[in-house]
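You will see two complexes here that share subunit A, one where it goes with subunit B and one where it goes with subunit C.
For the complex of A and B:
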């Protein structure tokens, strides 16, 4: 059955299937934003989750679609990019939901960073919000006090967060399991208390009037007028954060597909075995920890410019908890899982405002239920396929040999 | 007031705080010993204990009890029982299914449990989002030794704390239930084979842990005069830190760790030029240093993993 599916879907029918699937996925996600009624929305999500679970159960469909995607890679990428340009047009009437969508994409960046640590390498980090605070305050302070341009503040927010994560690295390296969780929680609380009580961060009042993003004279504070339609100024932020997210996702996906991904996975699965096989555990843990926190810091810096006002309540422990929940519920070590998890967990609490009071209670209960019944997340981790990595490695091994042979002939 | 007297005065305050931390830490250490998991929702059992005592206070007023010793006894016993019932219920529903799951899952489930308990209190208790005033039931007044003020309240709270610790010590070390708990903590498979009722032992662990946390919650209310629905989160982190400083799995260590943490906070606030808001930063810093240099705590057993 699998074979037939593969055969059919790699022809022109496959193009249709690929584009159709992309469109369905896209509009299913957009429907979350567009549907007004709360119960309709819940129904949609229940159906969506059921379909996801079904897809995981029937291997034929999945491999068939996978084959179609690999056969029509260019078309799939172009189709996805075109679809991703649409949200500001679809949400032209509701700037607020565009803002929520921007937030969700921002969390994708942060959670991809966290996923590198937690999902790929198995390093617990419950201080995500604290690292976000480093990025946000760096960007805020540099643009307010030193008047740095936007590209510099974003870059600085990212790098300073990376530097600060080195401070925490020795405790992170020395501890494991519950103790590592405690170290990061303690760090999270320390950072929030310090930010509240130190003067240059503005204390509990926070930083106000952080300038909006401006790139080489192009201000993000103006609406985009396309003649037939005027997009809200948030459209600028959407396209920019989308670009950042795509870059970060590509970096993460490349890491996952490379030997680095395999190396850190061995650290996650069995540290002792990894060390006996010559994996430089401390080195890779440092690289991944700093890189992950850089992404978290980048999203923090973007956040500061997006809302223009940051204060300690934006970076409390609950935020770290949301980030970890996204990684676990979306699916560990899985870029697509993180994307889905961010959109659901950031958007739903906003959509569930009609049950205002009970929001957090339901959030807590859902978290428990999901973890008990689907501990591997919505898109579970798939065992890695080493085939192409191995062929690449083999060709690398044979290439120098061929060169040597050529050298001998010349000599 | 001389420097030495100030240290004594601050130590008394630290001891009050430390006693509450210690009682919360006992729960962490018990759960870790028996179930091998950290219950991050435990801080919210502490908070629940305080609120259940307020519910009992209302009940006492309906029954016509005045602000006297009987009211206090009703509050303690009622709150301990109700909190324990909630704890056992949640443990059966949510914690036991994830007992063997990876640590990250149990961690998130217990954090989610904490959120659920906290939000339930906020929603169900009348005006639960506001701080609630706790009745003054302990005799007021004070006496001085030299220049050191000691309030009667302090002595009573200390006495209740010590009594609780002694009772816990007795239960763990001298009763059949206690030996079952210790047996499961050492080796649950072997304990089951020897006829220990595993499920009942878990229930009992949560009963003891939650009841002791409830006592801490009531003491907190009596000492500070008010409680709030969200005070459990930070208490959970402190209780966990205290049990780690003392050595996870060791009940006596948890008590030492709790008192150390309390003393550290108050003495740091008094002695170091960092401002009283930053006392917790100092305390957490010490915790992190502790984890680097003595990850097994003061009284913890030594384990190692080598290649």
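For the complex of A and C:
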């Protein structure tokens, strides 16, 4: 069955399957934003998740689609990019939901950073919001006080956050598991208290009138007039944050597919085994911790420019918890899981506003249900199986050249 | 002169946990290219010695020389990079990762894992992965051809004996000069132990320059494959020599073999 699926789907039928799957996925996600009635939405999500789980259960479909995607890579990428351009058009009447979407994409960036730490390397970081604050305040202060251009404030927000995460690094090295969680919680609270009480951050009043993004004369504060349609100014932010998210996701995916991914996964699963195989644990923890926080800081810097006004309540512990929930519920060490998790967990509370105070009750209930039925997340970690290399390498095993390969390795 | 003959030498190797002296002034000479046995009753300190030799425990006294170099103060990572590999009594594979990933980590110190090349230089990386993949499959194929087909599956899906084999492959992927096998037969049935002995012979034939030290409770294994045996009891070395010699030693018999009533 698997084989049949593979052959059929690598032909022209595969192109159709690829584009169809992409469109279905895209519109399923967009439906969350477009559907007005709250209960209809909940029904949609339940059905969507059920379909996702069902698809996961049928191995033939999965391998067939996978083969189709590898066979038509270019088409798949172009199709996905075209679809991703659509949301500002679809949400042209509701700037608010476009804003929520931007928020969700922003959280994708932050949570991909957190995923490097928590999902890939197993370092709990409950100070995500604090690191977001570093990025946001750096960008805010530099653009307000020093008049730095947008590209520089975003870059600085990212790098300064990475730099500050080194402060936390000694405790990160010395502690593990629950203790590390406690250390990061303490850090989170310290940062918020600090920001509230230090003068140059504006204290509880925060920073006001942070300039909107401007790149080489192009201001993000103007609506995009395409003649037949006028897109809200948020469309600028959407396309920009989308670009950032694609770059970050690509970097994260490549790390996952590289030796670095293998190395940090070994650290996560068994530190002793990693050490006896010559892995420099402290070095890798430092690299991943700083890199992850850089991404969190980048998303914070973007946030400052998007909102234009930041204050301590934006970076409280709750936000850190949301980020950790996204990583755990989306799927540890899976880029796609993080993307789906961010969209669901950022959008749902907004969508559930129709039940007012009960919304967090429902939200919490949904989380518990998901954790019971999908304890490893919506899209769980996929072991790297190197299937694409198998056939070729196997033929080398039986060929006489295999002996030489053996000799080399022993030499 | 001594350094040429002995790949590893322990000199008064000692470790103390609080008031307990777990390993007490052990002197061992491990001859290059040999298979040595390390035996003793449960809790006599064999695994503790291995843990010191691989840097997981820091000795509180004494030293050990690997190829003439003092290693007692080195970290596990440094020692591994010098060429000492090991397996664990309770196998320590990453069960969620694929079998291949588990073998790849053995090649860690030879991999190029600069982040920049992981992200930007995909070509070089994929060439390196292809090469490592071939080597890993070669190793897996040597110990059990079935593992080649299963190589993409999580290590947790394997039976005990295959997990041990993957662990041996991981250690072999390091191309170690000294391989420490910690009770490789633990949890195996007699038929499996027979194939395990073949596997250990394979390790020898695969690599020209490898020394093996094996901790084992199954005396048949020790008798079959080791040329020299150290006997430990209560953290002290009580005898050494060939299996035939030590099995006649009255102290050994009373401490260890006597308990089982047979030689």
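The rule is simple: the second predicted complex is superposed on the first by the 382 of 411 C-alpha atoms of A that agree within 3 Å, B and C clash if a C-alpha of one lies under 4 Å from a C-alpha of the other, contacts with A are read in each partner's own complex, and residues count from 1 in each chain.
Methods note: a contact is a pair of C-beta atoms (placed from the backbone, for glycine too) under 8 Å apart; a residue touches a chain by one contact, two chains touch by 3 or more.
Because the structure is predicted, anything quoted here is derived from the model rather than measured.
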Taking the superposition as given, does A:60 touch the first partner, subunit B, the second, subunit C, both, or neither?
neither
Once the shared chain is lined up, is A:396 touching subunit B (first), subunit C (second), both, or neither of them?
second
Is A:385 contacted by the first partner subunit B, the second partner subunit C, both or neither?
second
Look at A:147 in the shared chain and tell me whether it touches subunit B only, subunit C only, both, or neither; answer first, second, both or neither.
neither
Tell me which partner A:194 touches in the superposition: subunit B (first), subunit C (second), both or neither.
first
Tell me the contact category for A:280 with respect to subunit B and subunit C: first, second, both or neither.
second
In the superposed arrangement, which partner chain does A:204 touch: subunit B (first), subunit C (second), both, or neither?
neither
Could you tell me if A:313 is touching subunit B, subunit C, both of them or neither one (first, second, both, neither)?
neither
Pick one for A:272: touches subunit B only (first), subunit C only (second), both, or neither.
both
Which parts of subunit A are in contact with subunit B and also with subunit C?
272, 275-276
Which positions of subunit A touch subunit B when the two form their complex?
118, 124, 170-171, 174-175, 177-179, 181-183, 185-187, 189-190, 193-194, 196-197, 272, 275-276, 317, 321, 324-325, 328, 357-358, 360-361, 363-365, 367-368, 371-372, 375
Which subunit A residues qualify as touching subunit C in the complex?
251, 254-255, 258-263, 265-266, 269-270, 272-281, 287, 291, 381, 383-387, 389-390, 392-394, 396-397, 402, 405-406, 409-410
Tell me, which parts of subunit C touch subunit A in their complex?
54-56, 75-77, 80-81, 85-86, 88, 92-98, 100-101, 104-106, 108-109, 111-113, 115, 118-119, 122, 125, 128-130, 133-135, 137-138, 141, 148, 151-154, 170, 174-175, 206-208
Of subunit B, residues touching subunit A in the complex
32, 38, 94, 97-98, 101-105, 107-109, 111-116, 119-120, 123, 233-234, 237, 240-241, 244, 248, 275, 277-278, 280-281, 284-285, 287-288, 291-292, 295, 305, 307
